[in-house]
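Pasting the structures in now, so scroll down.
What follows is subunit A paired twice: with subunit B in the first complex and subunit C in the second.
== the complex of A and B ==
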C-alpha cells in the first residue's frame, strides 16, 4: 500500500513538474505564463487544509481517549500544515509579485487572503511554542489538543468569512469560491487535478513516515536497549 | 452546590481578592493609558483618520488584555488553591465564574480606554449605540478567549510571553471586525452599513464561547 502510493506520488509530481514547466498553457489575460503556478500554489493549500483537518481530528480523538499516538498524529499533521502553508505563502508571494503588483514591484501588500494565511501560520507557530512550554507529556497533549481545537473554531472566520468582506484581488473572493473561466482554462485541468492528487499523496507519505519516526523515537527513549 | 451559586462564588472570590489589592485592574488601566499617551506623543499633533483612531483603540485594548489578563488561573496554581477548587466545584462553574471576572476586567479596560481616546483625540462619536455594541461584542470575545487560554497557560511550566503569542493570532478576526465597526460608528454610518462586521462578531463570539465551554473541562481536569 505505502510503496504503491509512493510510486504514484513520484509519478504524478514528476508529471506535474514536467508538464507545469515545459507544457503548453493556454493564454490567459494578465496571468499569461505565471498561470503555471496554479499547478503548485493551489495544491499546496489543499495539502494545508488536509493537515488542519487531520490535526484537529486527532486532537479531538486524543481528548476522548488519551492515546499518546493520537497526540503524535495531531502534532505531525500540524507540522506538515505549517510546512505546506509556508510553501504556499512563498509561491503566492512570487505569483502576486508578477501579476497583481507587476508595475509597483511590491512583494507584500495588504491582500486579505495572504495576510490571513500568514496569521494561520502564526497560530500553528503558537501551537508548537505551547507544546514546548509544557513538561509533563499527558498535560502537554491535552493542552495542545485544546488549543488546536479552539484555533480550528476561529479558522473559518480567518480563511472564509473575513476575506469575503474585504476587497481582494485573490480569486474566490466574491460569490462562488470555484474557479472562473479567467482563472482556469479547461485544458489546464489535465495537469491541475493530477497535481492536486500528487500533493495530497505527498502529504500522506510524509505524514505516515513522520508519525512512524516519532513513534520509534519515543519507544527508543523509553527502552534504550531496543 | 447549585450551579449558579457555585459560579457566583468563584466570581465573588476572585473579585474580593482583586479588590483587596486592585493589582490587576490598576496594572491593566495604567498599561492602557500609558500606551495611549505614548501613541499620541509618537503621532504628534495632527488630524488622525477615523480608521487609524479605531485601530489605535483596539490595539491598545488587545495588547493590554494580552499582557495583563490570565493571572487569575496562574495565581490558583501558584497558591495551590486549584486542587481545592477542583474538588469542590464542577469545571463549568469555575469557567463561568472566571469568565465573569475577566468580563468585568476587560469591560472596565474597554470603557476607560475608549473614554480616554475620545477625550484625548477630541473625537465626537456620531453613533454611540453602534460603538457600544461593537465594544461590547469585542470585549465579550476577548474575555472568552483570555479565560480559556489563561487556563491553558497556567498549566505550562514556562509561561513568559506565552499568552500574547497564543492570543493575538486567534483574535485577528475579532480585531478586524471591531476596528471596522468602530470606524463606522465614529463616522456615523447607519447600522445597516455595519451589519457585516456585527454579524461576524456575533458569530465569532458564539463560536468561541461554545468551543471554550466544551473544551474547558479538559484543561481543568487532572
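== the complex of A and C ==
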C-alpha cells in the first residue's frame, strides 16, 4: 500500500510538473503563464484540509481510546498540514505579488482570503504551542485533542465561508468553483486533478513516514513520553 | 551613396496635428499621450514578468521544493536521533 502510493505520487507529481510547464493553457490577461500556478498552489490547500481533517479524526479517537498512537497521528497530521499551509500562503503571496499587486510592489495587502488563511495557520501554530506547554503526556494529549477539535471547526469558515462574504481578489468567491464546468478549462483539468491527487499522496507519504518514526521513538524511550 | 531627403509625401501624418495645434494647448496635455501606458518594470518585476510571468511559476515550484527538502532534512535529523539512542542502548544491554 505505502510503496504503491509512493510510486504513484512520484509518477503523478513528475507528470504534473512536466504537463504543468508544457501543457496548453488559455491565454489570460494579468495571469498570463502564471495561471500554471493553479497546479501547484491550490493542491497545497487541499493537502492542508486533508491534514486538518485527519488530525481531528485522530484527536477524536484519542479522546475515545486514550491510545498514544492516535495522539502521535493527530500531531503529525497537524504538523504537515501547517507545513503545506505555509507553502500555500507563501506561494500565494508570490503569485499575488506579480498579478494582483504588480506595479504596486506590495507583497501583502490584507486580502480577506489571505488574512483568513493566515489566521488559520496561527490557530494551528497555537496547537503546537499548547502541546509544548503541557508536561504530562496524558494531559497534553487530551488538552491538545480538544483544542484540535475546535481548531478544525474554524477551518471551513476561515477558508471558505468568511472569504466569500467579503470582497476579495482571490478567485473562487462566487458559487462552488470546484463543481462548476466553466471556471477551469478542460485542458487544465487533466493536469490539475492528477496534481491534486499527487500532492495529497505526497502528504500521506510524508505523514506515514513521520508517524512511523515517532512511533519508533516512543517505543525506544522506555518512559511513556512522546 | 547619397541620402535622399524625405519628400513631403513621405512625411509621417502624425506630424500634422502637432503643427496645426496652437502652442497654448500643450500645457493641457494629459500624461496619457506623453507616457507609454506600461511603466517599465523595476527590480524584481523585471526578473519575474518576462515571458508571460512564467518565472512566477518557477518560483512557486521552487518554494514547494524547498518545503519538501525541509521535510527530508527533518526526517533525517529524527533518524539520526534514533540511531544515537540505539547506540546508547546497545552498550547498556549485555545481550
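General observations
The rule is short, and it goes like this: the second predicted complex is superposed on the first by the 211 of 226 C-alpha atoms of A that agree within 3 Å, B and C clash if a C-alpha of one lies under 4 Å from a C-alpha of the other, contacts with A are read in each partner's own complex, and residues count from 1 in each chain.
Operating definition for what follows: contacts are C-beta pairs under 8 Å (C-beta built on N, C-alpha and C of every residue); 3 or more make two chains touch, one makes a residue touch a chain.
Not measured: the values here are computed from a predicted model.
Taken together in the superposed arrangement on subunit A, subunit B and subunit C fit without clashing.
Of the two partner chains placed by the overlay, neither subunit B nor subunit C lies in contact with A:72. Contacts of A:143 after superposition: subunit B is touched, whereas subunit C is not reached. In the superposition on chain A, contact is made by A:91 with subunit C only, not with subunit B. Of the two partner chains placed by the overlay, only subunit C lies in contact with A:83; subunit B stays clear of it.
Touch criterion met: A:130 reaches subunit B, while subunit C stays clear of it. Of the two partner chains placed around the shared chain by superposition, subunit B is the only one that A:151 touches, whereas subunit C remains out of contact.
The superposition places the C-alpha centres of subunit B and subunit C at an angle of 110 degrees about the C-alpha centre of subunit A, rounded in steps of 10. Looking at the shared chain after the overlay, A:103 reaches subunit C, while subunit B stays out of its contact range.
Look at A:17: by the touch rule set out above, it reaches subunit C but stays clear of subunit B. In the superposition on chain A, A:37 contacts subunit C only, with no contact to subunit B. For the overlaid pair of complexes, the smallest distance between C-alpha atoms of subunit B and those of subunit C rounds to 24 Å.
Those residues of subunit A that touch subunit C in the complex are listed here as 17, 20-21, 31-34, 36-37, 40-41, 44, 80, 83-84, 86-87, 90-91, 94-95, 97-99, 102-103, 105, 202, 206, 209-210, 213, 216-217, 220-221. Per the touch definition, subunit A reaches subunit B in the complex via residues 63, 116, 119-120, 122-123, 125-126, 129-130, 132-135, 139, 142-143, 145-147, 149-151, 153-154, 157-158, 161-162, 165-166. For subunit B in complex with subunit A, the residues that touch the partner chain are 148-149, 152, 155-160, 162, 165-166, 168-170, 172-173, 176-177, 196-197, 200, 203-204, 207-208, 210-212, 215, 218-219. Subunit C contributes residues 39, 41, 43-45, 48-49, 51-54, 56-57, 59-61, 63-64, 67-68, 70-71, 75, 78-79, 81-82, 85-86, 89 to its touches with subunit A in the complex.
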